[in-house]
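Same chain, two partners: subunit A is paired with subunit B first, then with subunit C.
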Partner chain A sequence: MSDPNRNGQAYGFQAMTPIQPGMEDDLRAHLEGMHAEGSPFAKLARTHMARFVIVPDFYNDRSWGQKEEHLDLQYLIFTSNLDGDIDSYLDELCDVVAPDAQEIWGRCVGCPADASGTALKKYLKHNQIDCGFFYAAYGDATVGKVQAALAQREKVIAFASRTQGLDPAELQQAFVAEFGGK
Partner chain B sequence: MSAQAPSAGPVTATGTARGNIHGQAIAITVFSTIKWWGKPFLPVLFAATKRVPKLTTTLVQLSFIHFARWSVITELPYNGPPQKKQKWRYPHMYFESNFNGGWEEYIDAFSHILTSGMTAFWGSSYGFPKPLPTAPFKAYIQNNETEASHYYSAYPDATTTMINGALDIDRKFAPLKRSAEGMDPDAFAAAWERFLTDSQHAL
Partner chain C sequence: MAAATPKVDLADLQGDILRAYGNDYDHTTYAFVKIECPPEQARAWFADLLDHVTTAEPWTKGKPLTTLNVSVTAPGLAALGVASEVIGTFSREFREGMSSRATLLGDIGPSAPSSWERGLGTGDAHVLLTINAQERVDHRRALGKMRTAMDGFGGLRIVYQEDTALLEGSREHFGYADGFAQPAIEGSGDDKARGGGVPLAKGGWRPLAPGEFVLGYPDEDTRVDPKRRLPNAPAAPLGKSGTYMVWRKLYQDVAAWRRVMRDAATLYKDGDEEKLAAKVVGRWPDGSPLVTHPEKPDPKFDASKSAANDFRYYDADRDGKRCPLGSHIRRSNPRDALGFEGHLSFRHRMIRRGMPYGDELPAGSMKDDGVDRGLVFVCFQASISRQFEGVQVQWLNTGNLFALGHDTDFILGDPNGKGKMTIQGDPPFFLSPQEVFVKTRGGEYLFVPGMTALSAIADGIA
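Showing the complex of A and B:
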């Protein structure tokens, strides 16, 4: 049976962990203080896109004909869209992100006292929620491949603009100088 | 080639809370409560959608989605007190999307282009008002949406169209790079012209 969390080489990871009562505001402040440019995920080269979301409760509307249902605690959702296999990714995450991990999952119920390494990995896998359906628009391309292709596209656009009007020999020479012959 | 950030186009990420935005990328996170019949129905729908590529054609055509996922959650792993071992009355569906463009335009496009797909995916959710007209559907999503506290993209300035274009260019560019040096200049100039014409949509 195929892995429901996989699309091409891309993997969709999700963990949902209960937040220690009283810690919600501190956790939110820490997460909101991590600006995207300085995100811990920037240190994980296999992360395409990731998020932290604090879910306070389910939305209830009696006019919809449902009975009210509430979460017992507020929950932290962590999702990542990543390259390759999840085990080695979580190894990297639990190592590289350890200082932030203590501030994040360290505020969640059941998290090991030292929120790092194999203990944190085990905790995250215990709280993993499988995807029902995972869509990736370019699931065969790694982060490195996407970034390199975008950079190359920029170079091609600049080169095409710069070399308009060159004769064939000059154009070829400029091309080889810019992009290499092989 | 070293990776560089592409030049940023106009930022189109609009219509949502600040926490859901990184560059051009927008996060949407939605929980919905499922009626009893959604529990057996949705896994079948997900499996069929995965196995029949034709069913995702429209999703691909909506070329502003990077990654998206749907999950049906019936219970949560237990981590000890003070978490309670909860037996939920209802299953709940988690949906997230990573896309570029405006939030309003995203919902509009979903509703107008993926009308039957939306009904299939959300039809078993309490309160789902049908995709059209879009105003009640937008209100439904807003009620069930939660803002991200942190959102990250590895290539925040790139849209899905730019990325697919860049990957397409990469496929077409590799043979030209390999053969450029050994070609006759006129043949090279013709090949370069052909490459530009073939890649026009992606440049």
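Showing the complex of A and C:
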């Protein structure tokens, strides 16, 4: 059976961990602060997109006849869309993101006291939930490939914008100078 | 099946929201008042104001010479003694205030709050009094009355005042007819549904639910399923018949705009300067839309007619060759351009009641004369984050949704001066340089309470 977490070469990872009671506000504050300072996940070059969500409770709309239910604990959901295999990615994550990991998963139930390295990896894998359906916008393009394509696009647009109004011979000369060719 | 939408209680709603007072009122003053006295004293002044507030009730005895409307910022509610638990029920963006959300809104560089007009964006602006008048003499009298009343109560200071007046032909400073395309709202008595509401799959339009703009009424969610909750509103009685208001002073560099259009037009092979500028706006100066009149203005165009805005993009101009994908009006209100029969856009509408300020730059002048001129942008909505901020952040300040990469709204300008606009065609035209044509000079997020709510605040029971 095919891996439900895979789409092309992209992998969709998600882990859900209960937050230690009383730690919710600190965790939320840390996550909000990360946004301002630049995400540590930017250091993981294989990450397309990583996201944290805190689920504080169920919402039951009683006007729809739903029974009121509540979560015993709040939950942290972590998702990441990444290139290649999950094992080496988590190795990298547990190393590079370690200082933040302590502030994040260190506030979750069952996390090892030292939230880094193989112990953290084991914890994250233990709490992994398979994707029900993993959609990757461009599953076959790696982050590097996407960035190269965007850079090329920028280059072409800048060229087109700069050379507006040139006659065909000048345009050809400018094109060859910019992009090479015979 | 949707139930019938309850009629908006016009006697409880302040005026100029659902229906505009109209162009007869060509003088408007916005006065931001700081409360420096104890809440009880401020509430006495507030109670005194109430008798003069103009409601949304139809005028049966002719138009009043002047109108007065009142709105309040979050610090203003506190200064009036509204309990903090009650203030906590207002929306987060309102409580944070516009200046706190500057980065999100793109108010950076020359538009950053550190360069705003004194008195705006600092927490000092508490109550906004909006005075409209038909004649200059009435306007002066109303302003005098306002100041005398404030002096009488004491402890009240105007920290910022903007006096505005309509320009010839209801145009804004870049020369375009403005403000006539508004959302059509059910039960407002002014359902210009054609082009202003929600495009229907089989053709035609329907008006939007009133709760998109006035709190306490069904919105587009509740409309579909009456079991759903009404939109989030401040605690009773403050939420009923209230609406959130955005006030922004936007400086317009008319000389820079004219120079860029003149210079760029020399390279523009598909037309002249007027057409190039129309491509940026999405309309010709008289307001006729490019999507229906791509080559020249419609000589029969009449902005006051209900058909004036009856157009769509998806079938008529999906590739933007008539009206560019990134033109100002298409970004601000994409109608059905994003597909899905307009479902991605109709929850992001707002009622605009802007006024130009400052004298016009003489026709043809390409040199800035140092005069402060621009637009006081005002809009009303049930949710500032979904409606105003949604449009500003997702549609005007980025190009992603329209497949335009880094292009931002050309008119609003690029604080870095590196942007451009893509004008679709064969070949496309790249318009640059994108200078700072518009600068934010200040702004506030406000709440416009209904009449019951105003009384509750004045009585100290909120």
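FYI, the second predicted complex is superposed on the first by the 159 of 182 C-alpha atoms of A that agree within 3 Å, B and C clash if a C-alpha of one lies under 4 Å from a C-alpha of the other, contacts with A are read in each partner's own complex, and residues count from 1 in each chain.
Note that in this section a residue touches a chain if its C-beta (ideal position, glycine included) is under 8 Å from a C-beta of that chain, and two chains touch if they have at least 3 such contacts.
As the structure is a computational prediction, the values presented were derived from the model and not from experiment.
Q: Quick one: is A:77 in contact with subunit B, with subunit C, with both, or with neither? Answer first, second, both or neither.
A: The answer is first: A:77 touches subunit B but not subunit C.
Q: Does the superposition put A:160 against subunit B (first), subunit C (second), both, or neither?
A: It touches subunit B and subunit C both.
Q: One more residue to check, A:64. First (subunit B), second (subunit C), both or neither?
A: So A:64 meets both subunit B and subunit C here.
Q: Using the superposition on chain A described above, determine whether A:143 touches subunit B (first), subunit C (second), both, or neither.
A: A:143 sits against subunit B, while subunit C stays out of touch.
Q: So which one touches more of the residues on subunit A, subunit B or subunit C?
A: Between subunit B and subunit C, B touches the greater number of residues in subunit A.
Q: By the touch definition at the top of the document, which applies to A:34: first (subunit B), second (subunit C), both, or neither?
A: After superposing on A, A:34 lies in contact with subunit B but is clear of subunit C.
Q: Which partner chains sit in contact with A:168 here, subunit B, subunit C, both or neither? Use first/second/both/neither.
A: first
Q: Which partner does A:12 contact after superposing on A: first (subunit B), second (subunit C), both, neither?
A: A:12 contacts subunit B only, not subunit C.
Q: Identify the residues of subunit A that lie in both the subunit B contact region and the subunit C contact region.
A: Of subunit A, residues 61, 63-64, 153, 157, 160 contact subunit B in one complex and subunit C in the other.
Q: Give every residue of subunit C touching subunit A within the complex, in rising order.
A: Subunit C residues touching subunit A: 227-229, 267, 405, 420, 427-430, 432.
Q: Per the contact definition, I'd like the list of subunit B residues that touch subunit A in the complex.
A: Where subunit B meets subunit A, its residues are 1-7, 19, 22-23, 25, 27, 29, 31, 33, 42-43, 45-46, 49-50, 56, 59-60, 63, 65-73, 76-77, 79-84, 86, 88-90, 92-94, 96, 98, 126-127, 143-144, 146-156, 158, 160, 162-167, 169-170, 173, 177-178, 180-183, 185-186, 188-189, 192, 196, 199, 202-203.
Q: Along subunit A, where are the residues that touch subunit B in the complex?
A: On the subunit A side, the touching residues are 2, 4, 10, 12, 14, 16-18, 20-21, 27-28, 31-32, 34, 36, 39, 41-42, 47-56, 58-61, 63-67, 69, 71-73, 75, 77, 79, 81, 108-110, 126-138, 141, 143-157, 160, 167-169, 171-172, 175-176, 179-182.
Q: Using the touch definition from the top, list the residues of subunit A that touch subunit C in their complex.
A: Touching subunit C from subunit A are residues 61, 63-64, 153, 157, 160-161, 164-165.
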